[in-house]
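Structures follow.
What follows is chain A paired twice: with chain B in the first complex and chain C in the second.
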Partner chain A sequence: MEKKLLSVENVNVFYGDAQAIWDVSFHVNQGAIVALIGANGAGKSTALNMISGFNPPATGRILYEGKSLNNLPPEEIVNRGISHVPEGRRLFKRLTVLENLELGAFNSTDSRKRMKQSLEEVFRLFPKLEDRINQPAGTLSGGEQQILAIGRAMMSQPKLLMLDEPSLGLAPQIVELMFDIITQLREKGITILLVEQNVYQTLRISDYAYVLQTGHLKMEGRGEELLADPDFQKTFLGMVY
Partner chain B sequence: MSKQPFLSGKKGVLGVILLIIFLSALPIVLEAEESYFIYFLYISFIYITVAQGWNLVAGYAGQVSLGQHAFFGIGAYVTAMSWDAGLTGYLDPVAMFSSGAIAALLAVIIGLPLLGKLRDDYFALGTLGFAEILRVVFIQGKDITGGPIGIMLPSGRYAGMTPYYYISLGIAVLTLVCIWFLIRSRFGLGFVAIREDEQAAEANGIPLLRSKILAFSIGAFFTGLCGSLTAYYSFHIHPGGVFTLTWGLLPLLMTILGGIGTFWGPVIGAVLLAGVFELANMWMPELHTLISGLFIVLVTMFMPNGVVSLVKGGDGPPFLYRIGPFRSLFGQSNTGRVSDGAYENGAENTIQR
Partner chain C sequence: MVTISSLDVFIQVIINGTLYGCIYGLAAIGLSLIFGSMQIIFIAQGAMMVLASYFTYWFFTLTSIDPLLCFILLLPVFYALGAIIYRVCFKRVARAGKNPTLLLAFGIMVLFERAMALLWSPDTRSVTTDYTTMSLSLGNINISYIRLLVFVIGIAATIIVFLFLKKTMWGKAVRGSSEDPHAAALLGISPVKVATLTFAIGISLAGVAGVAVAMSYPFDPYFGFIFSLKALVAVAIGGMGSVGGAFIGGVLLGLFESLGSYLISSGWADAISYAIFLIVLIFFPEGLFGRSAKKV
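Here is the complex of A and B:
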């Protein structure tokens, strides 16, 4: 049996009085690419924000490597090895590429010690970034910004990388590249929790996927299973028979 | 990590050291006790310190405090009360350090709820409210604080202008050196990250509250030091004098005028504004505020990034940088925000730390 890296058990999440996630459970196996898919407002980003500690669940448990993450502050969750690339990249646009990367290794003494090594690794993965280290992040193209955001998240040498809509607002060609990068990261042994609207591409590369709808878990299955499911095709791929 | 282009590198350090030596020699050359210029520099050093303290919190960490006068006042009162009680003496380093430390401690205590729960405008109003409450507390403090009349100190001990000049110079240099290194450390990078995007900073594992409180309390420490020296200088401390909003707004004005979020901005702004105040006050006291006000309006209109943008632009190559011979002044040898490449690539919004 595969080892569970992260498991989320029966969580309920609120924004103030409004409930955004209802009794959802899912898990991510070590070394897998797991996708959360669903329409706008389904609770995908909320789920990621919940895991990274921004908006902890009101009830339910989040277990990571067998330990609870429930009441930990975001910086501690980064220390445990979970890195979150937020939606819209959230780069420090007026800071340079290098400073953005340095900030990615901010979390612990450990990451700072490994800073040079992490930088080299990121540059090996994304050589383009190295040419632009002194350029303000805001001057990069959309694709490069997304790559920088991923690079920044990699600087803390995470075990679990959570990507929130990495293909958002990118040209189709760059979207392809983004999915290639995600596959490459997995090959490097990083577990990936992916939130995407680009359903077809996502299912193609992911090992397992959960389908959320207005805060409820609707379906789950392996990528190809879901793609072949008539119900799923009708709702998410717009195929009509 | 990127370095400050202006006055950095070997030349910059040498220039700063020469400037400090020059300033140290001034009281010997000029007649310290007679010279108005020495007083002007003394007050400028205090302004520089208070302004740089505010710049750290607001300019770098992005937390606009309108309550710096609370720390100035606390610094002054700790010094005055401890001397009055016979615990410390005249120009006592222990008293001065304690004044700064207690101001910093107060910043931690008040920062926990204010920085933890409030953001942006609400934080600003919270600090303003806190400082005003503190003023009222000291007015109502009866015998403990001396009430509205405050505390009279033995002015017979006045030792002349020279020690004040050197102490204020020392405090300003200490502040600038500390903050120079701080903003180049990872903490400084963390501050800027928080200012730029709080949520992204948090996602990268930057402890928000701890970082903000660090900036807030360091600013308070130096502001408290200035309050302490002012207590020794005026020999009479009262709530209307040291807890006045003036000490909350002056650093803000000077920093914005000079260039907020830049290292030299507050220094330039403080000296410039002190100069304008003093000159206007000397030559036409009846028009003093009018002239100072007009100056402030003009600078903010024509130099929205502060006077410091004259030497290095916030939105492009520094003005003087474009003139060849001046280039070496700006230390492009470092990792260089002011590298030509960055500008060619259309960096509209480069910031300098």
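Here is the complex of A and C:
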């Protein structure tokens, strides 16, 4: 039977006084690609920030490998094996490609010891990065920056990789490449929690998806089930494509 | 304007100015680091320097410990002091933005100045060792050994801080975190740890500069403020966040001041440094060695 890597149970999340997530539950199975989809302001990024410890839930539980993540500081959550590639990539633009990658292994002495091996692995996945190691990250193209952001997150050798809008602002053929990369990462055994607005392609590669609407969980199901669902088609596919 | 009476005097003025500027430079590196990573204008940097001067004076008069040893003895003390000041005073306030932190820094400055005046009296003190007046003579040019030492220490401190930032994981973390603290935190780089470290290093540099001041000049509890201002000017000349730039900015400032005093009148030294400050801010808002050119 499939093993749950992460489960989020009945969480409520606030920004100050404003509630952003209302009684939401979802889970991510080991080795799966799970997507959170929905329009702007649906609470997708909030959910990722909640898991990575920046905005812990007011009520409800986050369990990872059976242990609670509630109220752990962000650095401890990285140490447990969860890496978060934020929206807009947020590279250190003035640092070189290599320095960005090295900082990806900052979190623990273990990660630092494995640095050489992690670097080799990232370069095997993304050979282009190796040609540019001494270039400031800000001089890379949008697609290369996204790849570097993923590479940087891989440096801590995470079990769960959370990607927030990896295709945002990229040219269409690069978007294709990004979805290929995500599939490749899964084949390497990495579990992926994907937040996207690019609904059609996201559902094609995901094993399971949750649909959020203004902070509420509206629908869930396997990719093809959602794509075939008339309600879903009306709200999402009509809107996005 | 006075004409240059002799080449020797002119060279002497340049050397003195450069060496004087090293103390500005030392204070400026710390200020630049702290501003670069936390956007805090730590106006109390000068008061921290003078505190180190008093410690040096204390060690020297009470235990006759050589002031040279104080460079090493005071390093851990000021490193800890910097860490404590950040944890106790700035950690919470830093989130509130630049104005509250500037006010806080100002408060810390006043507090330390008054405390020093209480402890050591407002009288001017100085540290006079056997080698205070010794100097290296090259023809008609004299360079005091102490100033020469300050110069070497200034360059060494700049190189050490530079290597720390470029070569070590923590140094890279400081640079990354100063560019994007949230992204750094996502990678497990604790912003509080980075800020504590940066503050500790910045105040350690103030300590080094303070020992240098004690060895070179008479000082009183309020002597530091002018160094804070000059260090700010040096940082503006060198460019925020550039360690080498801050040091060179300090040296240039000392050089301009001393040339101005010599060529015009000594009363103009301060006016000249602030005029340079304004000119640099107007024409090179990112500093002479700033990052604007590298920005994407």
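Here is the rule we use: the second predicted complex is superposed on the first by the 238 of 241 C-alpha atoms of A that agree within 3 Å, B and C clash if a C-alpha of one lies under 4 Å from a C-alpha of the other, contacts with A are read in each partner's own complex, and residues count from 1 in each chain.
We take it that a residue touches a chain if its C-beta (ideal position, glycine included) is under 8 Å from a C-beta of that chain, and two chains touch if they have at least 3 such contacts.
Computed from a predicted model, the values in this text were never measured in an experiment.
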{"item": "Chain A as common anchor, with chain B and chain C clashing or fitting", "value": "clash"}
{"item": "First, second, both or neither for A:L103, with chain B first and chain C second", "value": "both"}
{"item": "Chain B versus chain C as contact partner of A:L226, first or second or both or neither", "value": "neither"}
{"item": "Contacts of A:L91 with chain B and chain C, given as first, second, both or neither", "value": "both"}
{"item": "Which of chain B and chain C A:Q135 touches, first, second, both or neither", "value": "first"}
{"item": "Doubly contacted chain A residues - partners chain C and chain B", "value": "52, 54, 73-75, 78-79, 84, 86, 90-95, 99, 102-104, 106-108, 112, 136, 138-139, 152, 156"}
{"item": "Of all residues in chain B, those that touch chain A in their complex", "value": "1-2, 186, 189-190, 192-193, 196-197, 199-207, 335-337, 339, 341-342, 345-351"}
{"item": "Residues of chain A defined as touching chain C within the complex", "value": "52, 54, 73-75, 78-79, 84, 86, 90-95, 99-100, 102-104, 106-108, 112, 136, 138-139, 152-153, 156"}
{"item": "Interface residues, chain C side, partner chain A - complex", "value": "169, 172-173, 175-176, 179-180, 182-190, 291, 294-296"}
{"item": "Complex contacts: residues of chain A adjacent to chain B", "value": "52, 54, 73-75, 78-79, 84, 86, 90-96, 98-99, 102-104, 106-108, 112, 133-136, 138-139, 152, 156"}
